[in-house]
Amino acid sequence: MTEPALRTEALQKLFGGLAAVNDVSLECHVGRLHAVIGPNGAGKTTLINLLSGDLAPSGGRVELLGKEVTGLAAHRISQLGVGRSYQRTNIFMRFTAFENCRLAAQSRLPSSMRFLRPAVRYAEVNDAAARALALAGLRGRAGVVAAELSHGERRQLEVAMTLATQPKVLLLDEPLAGMGAEESARMVELLRTLVAGHAMLLVEHDMDAVFALADTLTVMVNGNVLASGTPDEIRANDEVQKAYLGDADD
Amino acid sequence: MDTQPRSLQIILIAGLVALAAFPLVGEKFYIQFVTKVMITAMFAMSLDLLVGYTGLVSLGHALPFGLAAYALMFVSPENGAAGVWWSLAVVAGVAALASLVVGLLVLRTSGIYFIMVTLAFGQMAYFYVHDSKYLGGSDGKYIYVRPVLEIAGWQPFNLENHVDFYYVALALMAFVYVTLRVLLASPFGRVIAAIKENEHRMQMLGFATFRYKLVCFVLAGMLAGLAGWLTAAHDGLVNPEMLSWHQSGQLLMMVILGGMGTPSGPILGAAALKLLELGFQGMTKHWQLLLGGFIVLSVLLIPRGLAQLFEWRRRD
Amino acid sequence: MDPVIFLIQVLNGVQYGLLLFLVASGLTLIFGIMGIINLAHGSFYMIGAYLAFSLTRLHGNFWVALAAGVVIAVAIGAALEWLVMRFLYRRDHLYQVLLTYGLILIFEELRSLVWGDDVHGVAVPQGLDFSIPLTDNLSYQTYRLVISAICLAIAFGMYWMIQRTRLGMMIRAGAVNREMVQSLGIDIGLLYRLVFALGVALAALAGMLAAPVSSVFPGMGNQVLIISFVVVVIGGIGSVKGALVAALAIGLADTFGKVLVPQIAGMVVYLLMAAILLWRPQGIFGRT
């Protein structure tokens, strides 16, 4: 069994006296997709925020590729190979789709403290951006300003930007949010192609997508892990049925 | 992105040609006036780097400007001239150091608080200089001879000559303009623009945004220092008012009026305010009424600043 | 320091602080509730002082002049809001800054046209132009104590209005959610006009009260303006309570600064602000 690309141990986040995330231990391996599901308010987004560095943990450990990264600043974690997409689209609205990805790709230059050559002349950066856009299915829309993209395209752009940073670990927060049937199917296909080369953590409400993609499922309720295992194991788990899957038809 | 409308490019080139030809036909008073306007335009461009491009609204930009002016005064001998190169180097160093120290502190805040903290540091510098006898107090001090540039005995220009000074100022203004354009197109510049758009996302993409803002703050300070050096050399006088919030405030007005985040905005804003001031002063004793009225009307009628006047609607 | 001198400095500091509070509270209300940064706020202070000068010459009684001045200030505020300010609500703060800067120039010139550029004095109101003796050779002007008392009364009045009346509730709600207040059937335009006029009146009133002790001169608005912004930011934008605390702190710091460290007296206020903002960037009572 290979080393997990991402590992947490007893991860905890307290807000005042409230534990939004409590005692969460999980692993993500390259080539496998680990889905995290649970009702609203279960702490799934907080968990992703802890892993991406948006929030600092109150307790526990996070290990990335064997290295401890607990409490590191977000930009450091990103540089170590973690890419994160947002539930509520968090892109550069006034820039084109290409520029959005180009900036993401530029982050992988050894340093952006470069003042002379025009940014658009860095061929390797442009290529990485174009590749990411193509992978996310936005090749034809590169020149469109992000504010003018459709909602589904913006979600694709979210993923494209994450890919452009060439991460080892992908943290995806509800990439399918607000998408129609056709767009969702396209996104699921995209995610499926990505699993082979990345360790993926997916937070989602769309159960069809989750069961189609996940190798491992973790169910969270009220900040705690209720159950964890293969999709079949989870489907058969009574507690999970009661707490969540019973009314998960949204 | 930042490609300018054709009409504006043509006007800028025409303007440059007109400025180059002006000393041939202008009187000394007006040549010196336009020199001051060009220096102010440089000062405004340096502030726009912070305000328009990075989204950092500083109300203390007079600090590096004024400190640079005082630095030149310090290194200028009473009976001789300072050398252009090394006095510029000293001044740039002073401005950079001051901006670095202030930046490390103020960049921890944002929004209105950033504005106020930059104001605070500007005011502290103002009061320190104002109340210091050895710096000349509220009267300030003189610089008796303008800096001299000598290369192996040859002087390419003589700053004591107002026409020479004019062309030096024009060349430097063009230099600052080009520098900013290059800077903004560079990887650094793209990071800065993106920080203004969505700083949080930039951090998530792996950029240490604080560092970039700090470098930008220092660069803007150095350019302000250049303007300070020129102003002190031109006026032959440094006084605490160069550090006051009025100075910072008026500069900010020029940047906003001209159109923030546009390459030519600061130049338009500086030119407009200075020219209107001169023009209105010639018309009536109560010129502030006219200038104030102009400002109020332009805010109400031209939402994005004077640079907007040159944008012919290509897109909706 | 001699205890009596200390007491005098404290009284001075408190009085200065309370006047600052009057000006700053108007500023914080306008900024916090309407989201408008108004650089011309200092001009209203100046206009108040000049109004006091003219009105006391017209009608001997200071208090009648004060009342008339407040009414005029309210009218000016309402007119200004209707003519100009209401177009700024959706605009970027920087454009508000620029426009109100233009207003400063206009007000300066109008003042010059109407009253000229001389320095004037306003007599301390009759019946109050005596001093309370504290020691053999030190005494304290009664009028200064009256200023402080009036400002404190206004502070309580504002607290009562904002916390306990329907109008205050609307004001607080309007600060949080403009659209919601509108959908409740409240005319937000009228509300904003009222708040703005109130802010202007407070600044003008401060100028009127200050006139007998600080004289009436061009440029008095500028000094007050920058300090009142400092007060607002230290106290927390939109917080009247914060404005009170910050104003008193600054009043005392400035007064004692001039006495204890005269070489850096001017810097004291800004050092204080920088220190507070670097420790707590949103101000003492501000919301993050």
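For reference, chains read A, B and C in written order, and residue numbers begin at 1 within each chain.
Please note the rule applied: a contact is a pair of C-beta atoms (placed from the backbone, for glycine too) under 8 Å apart; a residue touches a chain by one contact, two chains touch by 3 or more.
Just so we're clear, the structure is a prediction, and the values are computed from it rather than from any experiment.
Engineer: Select the category (line, ring, star, complete, other) that matches the graph of chains linked by touching.
Structural biologist: line
Engineer: Considering B-C alongside A-B, which chain pair is linked by more C-beta pairs in contact?
Structural biologist: Pair with more contacting C-beta pairs, A-B versus B-C: B-C.
Engineer: Roughly how far is chain A from chain C, centre to centre by C-alpha average, rounded to an integer in Å?
Structural biologist: 51
Engineer: Mind checking the centre-to-centre distance between chain A and chain B? Centres are C-alpha means, answer in whole Å.
Structural biologist: The mean C-alpha positions of chain A and chain B differ by 44 Å.
Engineer: Using CA atom averages as chain centres, what separation in Å is found between chain B and chain C?
Structural biologist: One centre to the other, that is 33 Å.
Engineer: Could you check chain A for residues that touch two or more other chains and list them?
Structural biologist: none
Engineer: Note which residues of chain C are touching chain B in the complex, please.
Structural biologist: 37, 84, 87, 91, 93-95, 97-99, 101-110, 112-113, 222, 226, 229-230, 233, 237, 263-267, 270-271, 273-274, 277-278, 281-283
Engineer: Hey, which residues of chain B end up touching chain A in the complex?
Structural biologist: Within the complex, chain B contacts chain A at residues 1, 182-183, 185-191, 194, 197-198, 200-209, 211-212, 215.
Engineer: Provide the residue numbers of chain A that touch chain B in the complex, in ascending order.
Structural biologist: Residues 52-54, 73-75, 78-79, 84, 90-95, 99, 102-104, 106-109, 112-120, 122, 161, 165.
Engineer: Applying the document's contact rule, which stretches of chain B touch chain C when the two form their complex?
Structural biologist: It is residues 51, 57, 105, 108-110, 112-113, 116-117, 119-121, 123-124, 126-128, 130-131, 245-246, 249, 252-253, 256-257, 260, 286-289, 291-296, 299-300, 303 of chain B that touch chain C.
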